[in-house]
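In the two assemblies presented below, subunit A is common to both, partnered first by subunit B and then by subunit C.
So, the complex of A and B:
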């Protein structure tokens, strides 16, 4: 009896398995069919340019066509270019100024906004408004505010105070900080929301406990609030470095890289090499260099994020 | 007015602290700080509006003033005509419509599939997408331009078509992940009971998921509108035909030769739709923007 049942089970099992396997395979492929357009665009628009750019950087190009394999020659050209170091330094300056202006003020704003009870929603919406302004329009307006002509807002203000007008954006030393001011104006709203949501996750009990232990307002701010925001801030700072390192459209619109290349970034140089000077190979070599720099930063970011989540 | 802070029980400062006059004073200092922040937020826009109405002579005069001598609404109209705002607006809407279909239909389906159906390998795909999202973009623009002007294998130049811009929007990983997260939050029991009643996967998507996901659809719609309305680099590279120019592109290409007051007014006009959309949908924008890549 026992033997028979075993045989029966064995003889039925493979048949059933094959059938369910077929159904399973059909289901799986149908599901992947739904993902197919997305996967296609993912490859086309995200992976294709990275590999294509890197490959192009190894070739000599005519127009947008690759002509001849030249190895690392393009990299040598790009890095030995006299402007390379200046551009790299400019890019670092952008990052430096954006950290100086973009970390503490949004933090202060978020903390204050979290405390206020009067007209809270209104303050929140109005201070967030710059974040939704079209980047191009914002750049144009700031360009005008910093304009060296007597009609620019800052010059109007200087004149009203009886001071001589200034060059602002056309001043080599001021141009990067001023562009960063416009970038920060556009970007701080999102940062503020980021901090605000971290602030709202702080448990009220922590504040109460420290208040009962006799901690004053400042003490509570520095022992409860700021430490709690630490991880968010650190992630934001790294993210900020990665983002600002790729800056290119603000200087493109506001100064075109001038005066005297004082506001060029790696991204803008790469853009100009490809579309203004038709040196696609060099442009891609420069793009690859900054890609690798940023990739290291990104890996660091992921590692840090993982450590924080654990 | 002051009653409100006496009942405040959340945050760093509570009603207990407000019994001290110094804290009460600092509360009003904080309000003053917020008012200052609002001024900083609004000042550039206000300046664009005010200086836009200035006459050229007035703008460049040796004794400039903040306020224009007169605000003539005709100027606003003239600049709109000069910007060719009508056809440009229609073009922007065509761009928006295509991107919307791409992001909602393709992105929504992908998010649904990854969240609910989870075919083998979708976890890997998810990790890959997270990685891809963090990839630097310094190598994107030029190779994409090379790809679209001479598409591999079929050798077609896609310049002056909407396809490069529409396709680009389908690959917006952030929105796909937004969809996925949203679908992850819908209780499984809805799907199971529908399955018991014999609903197919696509039926579940159309009859349960889509009606439930109205909030996420409206959020992504607002994002798509903002990104297409603000995009000038994409149209600049791919839409060389002047008749296809979108509003942002018109602002970028034509306003260079204009006088500064005209430029300001044009920038102000381009800002209006964004502000209107924000006024209507501020909840959607501010509720979900938190994890977008930050800059500034």
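So, the complex of A and C:
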């Protein structure tokens, strides 16, 4: 009897397994069906241009048409450009300043706001408002603020304080940080809200326990708050690196890449190659170089994320 | 891991399939609609009527009706797109260019090289334009290797000069007994005049462009005046940049002196030509380098007053007096049939070389509209056509609308002693951008070594562009 039962169980097992697989497949197919429009859009609008650009970078082009396979010649051309290293370094500087100016101040604001009791909502709205300003309009506003003429907004303030006026964007040591201020200003609100929501998910008991143990404000910040914000901060930092690495519109509008190429980025050079000089092949090669650098950064992010989760 | 590879492979395969599917479409087919009508579209024409363009819109609609009645089966479409490098290639690849659109001479080589230009030689000969165009003088603007790829937009020919804000000159006590600005005859005099303006009025004497390639574009005129040659071609066809010569360095030193010796430039030193135009219009600068048709643009954009502006020819330098010639250039995109209809359109709208009552009427209307916009009329310096009757028709149409006192523009229109030149022919935009960086360096850095700066710019230009052509 026992043997029979075992045999019966064994013979039913594959059917059961098949049945559960069918159910799973049906569930998954529904999931895939729901995902299909998004996957299709992702492939058409994101992956298609990326692969198309990579393929184009291996050809000599006339307009957007690939006319002759040239292997890695376009890569050789863009990397041997006498301004390539300077442009790459500038781009790294943009990233550095954007991390410095775009990560720490919103974090500080979020921590302060987390402690605020009154007018919290109003403060959130005020901080978020710049995010809805059009990028071009924001750049033009900042250009007026940073105008080197005596009538420039900041120069008027400096004069009123009896200080000498500044060249602002014309000073090649200040150009990148100032452009980064105009870029990150728009995103402060969003970043701050992200940090705030992460802060609010931290259990109050941890703070209370650490306070009982005698931890002061700074101690609590570095032992409770920052470690809990780690994954959010890491995600934001990687997003910031990816976004800022591709910057071209703000330097294009505010300085044209000057003075003396001090604010040129890889993105702006790529834009100029394609849309000022009609050299699509080289533009795509430079775009591919940027893509590879960002791919490495993204892989690094996943590795770090996994390590943090572990 | 296997699963990841499978998913990535699937994405790659789909992307490649889609890459193949989303192919490019060049050209516009045969230009006919389902009813068999042939369409031509004219770039830079208003598609919607508003307060600013009402007259232009009405004239276009009137011409369209007249043309379609005279050419049954042909439909003329307005296309509001004006040439913009940012979206030019996308439109060209998508077959979305107007049949006729205008651009600048700087772009003609690029457009031809990238295969977007239509060879219109046969049509130019059929309509007799080749006999009436001043090819010897202006052929470089629209011809390549003996073939016609473009036409100059009628009335758009220009050469560079210096524009003056009369009011600023008055305040600086720089008007002659007739109330005309004392035009500097040499670049040295211009520097001294600019210095006087700054000292007496506190306004900038001269506003120069330094970015967007526009600084280089203007600067070549000064470099020519100092005797600079930009590049030369050896017998193997290889181009070598030569502008970091003693003459080129002297021209750059001149710009450096304008800033650091004469203190005569504007504060906003990272500037395109719009900055100078805006400053001239608002009375914040005494002089700018510009061309006549830009003044109309400044009138429309920044409220420049036609009776507060004067123009002179380019000042002379040690090597002479030079001015770059340019124009708005019509280029074509379509079948022979469509291009032929465009030529018919040009003739009917008075933009061709032939003279008829219709031509005269069209020219009159065109000047009437410009007059209402407050444009500067009456200072035409260049004639595109060689036939006397066409030149006379233009002058007669213009006469009732002359809007400025000739004494303020005589020096410019007569252009005595000016040698007119075309832009350097290879990698023009790249050259301008390279010269921008040299200008920026010397106006922002008091200690800049002009020789070192220009040599570096030349080396970069040679290695990055000429060597890679």
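FYI, the second predicted complex is superposed on the first by the 261 of 310 C-alpha atoms of A that agree within 3 Å, B and C clash if a C-alpha of one lies under 4 Å from a C-alpha of the other, contacts with A are read in each partner's own complex, and residues count from 1 in each chain.
In the analysis below, a residue touches a chain if its C-beta (ideal position, glycine included) is under 8 Å from a C-beta of that chain, and two chains touch if they have at least 3 such contacts.
Because the structure is a prediction, the values reported are computed rather than measured.
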item: Subunit B versus subunit C as contact partner of A:147, first or second or both or neither; value: both
item: First, second, both or neither for A:38, with subunit B first and subunit C second; value: first
item: Contacts of A:183 with subunit B and subunit C, given as first, second, both or neither; value: first
item: Contacts of A:83 with subunit B and subunit C, given as first, second, both or neither; value: second
item: Which superposed partner A:241 touches (first subunit B, second subunit C, both, neither); value: neither
item: Subunit A: partner with more touched residues, subunit B or subunit C; value: B
item: Partner chain(s) touched by A:95 [first = subunit B, second = subunit C, both, neither]; value: neither
item: First (subunit B), second (subunit C), both or neither touched by A:110; value: neither
item: Touched partner set for A:64, first subunit B, second subunit C, both or neither; value: both
item: First (subunit B), second (subunit C), both or neither touched by A:268; value: neither
item: Interface residues of subunit A shared between complexes with subunit B and subunit C; value: 44, 47-48, 50, 52, 64, 147, 149-150, 274-275, 280
item: Complex interface listing, subunit A residues touching subunit B; value: 27-28, 30-32, 34-35, 37-39, 41-42, 44-50, 52-54, 56, 64, 98, 102, 108-109, 111-118, 123-138, 140-142, 144-145, 147, 149-151, 153, 155-156, 159, 183-188, 190-191, 193-194, 197, 199, 204, 207, 211, 217, 220-221, 224-225, 236, 239-240, 242-246, 249, 253, 266-267, 270-271, 274-275, 280, 283-284, 287-288, 290-291, 294-295, 298, 301-302
item: In the complex with subunit A, residue positions of subunit C that touch it; value: 11-12, 14-16, 18-19, 22, 24, 26, 85-86, 89-90, 92-93, 110, 113-116, 210-213, 266-270, 272, 427, 429-430, 433, 436-437, 440-441, 444, 459-460, 463-464, 468
item: Of subunit A, residues touching subunit C in the complex; value: 43-44, 47-48, 50-52, 55, 62-65, 77, 80-83, 147-150, 167, 169-170, 172, 255-261, 272, 274-278, 280
item: Touching residues (chain side subunit B, partner subunit A) in the complex; value: 1, 4-5, 8-14, 16-17, 23, 27, 30-31, 33-34, 37-38, 40-42, 44-45, 47-48, 51, 54, 59-66, 106-107, 109-110, 112-114, 117, 119-120, 122, 125, 128-129, 132, 134-147, 149-150, 167-168, 170-171, 173, 176, 201, 226, 229-230, 232-233, 248, 251-252, 255, 260-261, 263-264, 266-268, 270-271, 274-275, 277-278, 282, 285-286, 289-290, 292-296
